[in-house]
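We just call them A, B, C, D, E and F in the order they show up, numbering each chain from 1.
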Amino acid sequence: MSTLITKVRQRQISQLIEKGKRLDDRALTDYREIKIEEGLIERAEGSAKILLGKTEVLVGVKVGTGEPFTDTPNEGVLTVNAELVPLASPSFEPGPPDENSIELARIVDRGIRESKTIDNEKLCIEPGKKVFVVFVDVYVLNHDGNLIDASALAAVSALLNTKMPNFEIKDGEVKIKQGYTPLSLRSHPVTVTIGKIGDKLVVDLGLEEEQVMDARLSMAVKDDGNICAIQKGGSGYFTPQQIIEASKLAQEKAAEMRKKLKW
Amino acid sequence: MSTLITKVRQRQISQLIEKGKRLDDRALTDYREIKIEEGLIERAEGSAKILLGKTEVLVGVKVGTGEPFTDTPNEGVLTVNAELVPLASPSFEPGPPDENSIELARIVDRGIRESKTIDNEKLCIEPGKKVFVVFVDVYVLNHDGNLIDASALAAVSALLNTKMPNFEIKDGEVKIKQGYTPLSLRSHPVTVTIGKIGDKLVVDLGLEEEQVMDARLSMAVKDDGNICAIQKGGSGYFTPQQIIEASKLAQEKAAEMRKKLKW
Amino acid sequence: MSTLITKVRQRQISQLIEKGKRLDDRALTDYREIKIEEGLIERAEGSAKILLGKTEVLVGVKVGTGEPFTDTPNEGVLTVNAELVPLASPSFEPGPPDENSIELARIVDRGIRESKTIDNEKLCIEPGKKVFVVFVDVYVLNHDGNLIDASALAAVSALLNTKMPNFEIKDGEVKIKQGYTPLSLRSHPVTVTIGKIGDKLVVDLGLEEEQVMDARLSMAVKDDGNICAIQKGGSGYFTPQQIIEASKLAQEKAAEMRKKLKW
Amino acid sequence: MNDKQEKLIDKKGIRLDGRKADELRPLKLEVGVLPNADGSAYVEHGKNKILVGVFGPREMHPKHLSRPDRMVLRCRYHMAPFSVQERKSPAPSRREVELSKVIRESLEPALFLELYPRTGIDVFIEVLQADGGTRCASITAAALALADSGIPMRDLVVACAAGKIEDTVVLDLYDAEDKLGAADVPVAYMPNLNAITLLQMDGTLTPEEFEKAVSMATDGCKQIYPMQKEALKTKYMHIKEETQEETEE
Amino acid sequence: MNDKQEKLIDKKGIRLDGRKADELRPLKLEVGVLPNADGSAYVEHGKNKILVGVFGPREMHPKHLSRPDRMVLRCRYHMAPFSVQERKSPAPSRREVELSKVIRESLEPALFLELYPRTGIDVFIEVLQADGGTRCASITAAALALADSGIPMRDLVVACAAGKIEDTVVLDLYDAEDKLGAADVPVAYMPNLNAITLLQMDGTLTPEEFEKAVSMATDGCKQIYPMQKEALKTKYMHIKEETQEETEE
Amino acid sequence: MNDKQEKLIDKKGIRLDGRKADELRPLKLEVGVLPNADGSAYVEHGKNKILVGVFGPREMHPKHLSRPDRMVLRCRYHMAPFSVQERKSPAPSRREVELSKVIRESLEPALFLELYPRTGIDVFIEVLQADGGTRCASITAAALALADSGIPMRDLVVACAAGKIEDTVVLDLYDAEDKLGAADVPVAYMPNLNAITLLQMDGTLTPEEFEKAVSMATDGCKQIYPMQKEALKTKYMHIKEETQEETEE
């Protein structure tokens, strides 16, 4: 609650945006500085920490084994979970995931899933019986706006440095062997969230800007520029024209941001 | 809470009942009009919707497979669940089942179970390993009193049009085959709830009448007129004589109501 | 909350303790009277009830079968659970275990586990597949202080009269046979909790004394006098000297209390 | 039922545990057993061992559950994990939720709830060992615990089941009879008011058998009633007098 | 996709269920179907069967969720256990939590939340049978139920999906098309305001396909809109007049 | 212990990771790392990586948990799912609940709780990577985060474990030593007050070994203490002066 800003401050931000300006002098279509640190968590099979301005998200990837879903017996399982860790913001409370963390996890999940980033069939150990389960845990460490883009980018970064355990099947039993093989990705989706404030489309909203935002549109863009997942959020709306405009902007920004990924 | 009626209204209802009259001109032993619609939910293996006056209950039956209980390895499993769906009444709240929905489910369950309506041994696929699980989900869509009788009748109606998947055992694996076989029922239990208001025994209480009710007695009656399950509810009591009187009335009304079932 | 005592009463207790005296005329290092009743719950594989003054704890031991943990395929499983049953105190509320009952269970668990009281390898039925699971359920029936020592002693008492089911392996299936074999214990740990009130170390605090206690130190002592588990609790502290002093006192009192156990 | 199985009742009308058809199991009732509770009781009914503690009338938590015109009775029937053959999870099962409700409704008719508006009274029932008929034994003990707490009551509530094993209507089924028998009819009863406050049935009875079962169960209750009063002894007498004064005002 | 599998759309542009690419499934809309709710609606959209009840504006429970400057809209999208192929647990899944959120956000732009400070309004959506596109059908029905409750609205919200099966952009996917198709784009729309209030996408579209899908979906919405108004009939007209007066003030 | 297994400590007293018996793992302490928190700290202790954020003193939610005569300290020790070998469910385990309690009780003696009646202060501890001794590293970092928040403190709290591997008492066990060793004794300590605020032990020690372990652990704490102060630097100095003034009043 203590993160709420005053009406005066809200009006100030809106008026600036109307003139194409922002509090921190960025252009409406500029991202804040992005820093990605990979492999920070040695204990995890993959990890990456992103700093997007002051927004900080750590993603850890753990690989386990489990049963496949009955309708996809030859495929491994991808599980994305997001925690809005209470030390990241006075507005986050400890407890089971709320709608915000569930939505965040599902947006990150869809970006990876719909872009077919992971070859799920390669995660199969024994069809119908045993497969690898890839857990992507999004851990928000500081909330200063635009958690979606930061989380999605960190998730792909973490997958990019994920190493899969080697195994062999001996006497019908699966044995984990020494050594690792890098998880090979087939796609590098980047999610771009565009906020609407008044009539303007704005990228990478900060925490205060999010409070004057009418609505947002998050788009996962693949390497070829095609969009593979979208989520509209917020209590406002977009015109069809704004949707098309936003989708073009997203494609442009995604190409820029993809350069931050190393592969 | 907004369903509570005033003390004045309560007195009015009580006084009418005392004279053997009711707000809607029914006799004390009359049910409201009953309409049953079967097979409404094509996706379910069985379904039925009942209108009892304005009380509306939908029951869906799903058939799955699972493990038998260890103490009955040759028997399938019957599971009854009831949801007091929040759109059915301002007094119902979303959330896990409360004592009222649990009691409702267990009364419906006991009527079916104790009348041996389903031949559980016919639900066995592989003794000790795999059996059919019959899920009976009671979904209350509008609450205007007497949910117990409406739910129990709708549940039996839904079971009456339930179709069981065909299966074969091939190489030790169970395969679901095309086509269905109707689930054959061995009994058609009808549950009659009798409320006590002052010294009177009244059947099929409406929502307002339930608020002046001292206590209720719900009795599941089999085709042969024998009672196979009873539940007393409410904060009042019955004399032993009233219990016997109520049981006779229940047998009589059950025979009437059973005519609404089609088989 | 109604168990809270007044500041006046608190001061009275503190001042007495300062003089080496207590409300019930015990010495600072005296336990209240201990009565242990074994085998009270015939349905359980083991049980014991302890009265420590007015503090009353019942422990039941149930033996079931289950899978071993993957990292200890040859070992049975010990599970300790504690319930602060709401009839034991107006300050206990029904609901899932809170931090106090979890801490209590884990202290009792560690005393048994670290003293290697149970030979977990003897609980193995089929390595990696099926083992005995020993459930120790601590049930607090009346809270008058020092639940830790009472619970730990009752748990060991209950294990001492626990009988294990006999079994045989026939055609690869485990069959429980008639008859029982006593569970043999390798150790008889006794947990002694020492409270610090002002500068004094006091044993076996009553409910009121616990409210003036600065901190407590619970130590599980083995038959040979060595300590195998410790837990400091409470919002105060101990000096290193007090810790050593308390550990010596614990060893002394444990030897005394062990005489209450029958084996 | 299995053919090879021993008959639950023999030709002479003697049951497996040696009782006659209309014979109660041994009962032991104790009052005032829990120092911290406002009222308490312990019952051994056959091998059932049940402890009940009563707290209140007291302020309710959470407050919004209180009622401006009456006291709220809350009741929690709970089984210890070690009370049954296979260890029971301590989390309340659906069965326990239902029994908590019907037990509460069996006790409410005995209380003058309107005398203590805005307050709550809690009845905590712990089944330490179960052997068939726990709900009845719980009610018998809960009524004692309520009386022990000093709260005015219209009458004690006493409970006992009847049922049918083989072809015979019998009193007070124990676990094996409950599981293998044909029907079980638990009844709670206020003898002075001739009021049945709990009635359930699992299993089929003919109308004649049903009538006989209800009558046998209430007779069983009438046998237990003096034992309850005995357990309350002078304490109870004292409470009853107070009650009469208050209701006469 | 499996080679042996039947094509979802044939060379003549006819889909497996006989529809053309830009054809809606049959719709049935009913208003005022729940006696106890303040507003309600029932929709059959293809084989989807969805019931919506609205309660409020009313005092909020718990109180601390209320807002001093506006009404709080709460929305619960819930699937009946028997609504899908494999029985669904009644506990809310992560998918249901997410859909409840996006549906709420698709309805909020239609409401004058600031007119009813400190109150709450609840929209309860029950999917009785699901066949692809439940979120859209839910929104269409929820807007009707809100209108039926008499609350002023800027416009109705109407929803419909477009998507891609084989290589064709099509309107209003049903279950099999949703699962086997290449993309699904659910859209909620307020026709009078030309406002898109929900937009999601699963699956890949080229920019051209995406543009076409959005346009096809909003066209679908425009087809459903008159059916909604028809369902509201005179009742709706009445509400609209009130709304206009209020907004003109 | 497995015979084939490498000894945890060799004849020259060198441990598997190259440390001597009484040697600490490398430590890195940072203060003020979280922009949104009122106080924060980050610690790397060996391979443990732990982040702590402090919020408050502030109004408590829910209100009824506040205390009229003092501040309430709440503490949540939580492990990230990826912090351990096998992925951990994010729901708090029994171990985490217990550690939250003992950590809170290790910090309370350092605070002047009575100075801030009716308020609450929250300490959120997130273990990002675990390598044995997380509770001690958490306490060391939590004390720094509290100091960073500007709240007056009697002293810093600093924590470190001693234990026994093979037959030797050693300082600061890492994961493998903790699992394969004979005993682990985590200790929290306020050096200026010579006060032990946390003490646990798992595993058996003789009285002599125990005495040695406690002494070695407090010595370890005394080594870490100046690093804590260094991390707080001028900020801490400022805070300490304030504290002294207040306590002198």
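FYI, a contact is a pair of C-beta atoms (placed from the backbone, for glycine too) under 8 Å apart; a residue touches a chain by one contact, two chains touch by 3 or more.
These numbers come from a predicted model, not from an experiment.
The minimal number of chain-to-chain contact steps leading from chain B to chain E is 1.
Chains making contact with chain C as well as with chain D: none in this assembly. Relative to chain A, the most remote chain by averaged C-alpha coordinates is D.
On a Cα centroid basis, the chain most remote from chain B in this structure is F. Comparing contact pairs by residue number, the interface of B-E is reproduced by C-D among B-D, C-F or C-D, since over half of the pairs coincide. Centres computed as Cα averages put chain A at a distance of 48 Å from chain B. Centroids of chain A and chain F (each the mean of its C-alpha atoms) stand 32 Å apart.
Measuring from the averaged C-alpha position of chain A to that of chain E gives a distance of 27 Å. Residue positions of chain C touching 2 or more other chains, listed in rising order: 97.
Under the contact definition stated at the top, not a single residue of chain F touches 2 or more other chains.
Taken as a contact graph, the chains are arranged in a single closed ring, with each chain touching exactly two others. Round the ring, from chain A by way of chain F, the chains line up as A, F, C, D, B, E. Note for the complex: chain A touches chain F at residues 2-3, 40-44, 47, 54, 58, 60-62, 64, 81, 83, 85-90, 94, 96-97, 135, 137, 139, 141-144.
By the touch criterion given at the top, residues 97, 99, 102-103, 105-106, 110, 114-115, 215, 217, 222, 225-240, 243-244, 247-248, 251 of chain B touch chain D in their complex. On the chain F side of its complex with chain C, the touching residues are 94-95, 97-98, 100-102, 105-106, 108-109, 185, 190, 193-207, 210-211, 214-215, 218. Residue ranges on chain F touching chain A, taken from their complex, read 34-37, 40, 47, 49, 51-53, 55, 58, 76, 78, 80-87, 90-91, 122, 124, 126, 128-131.
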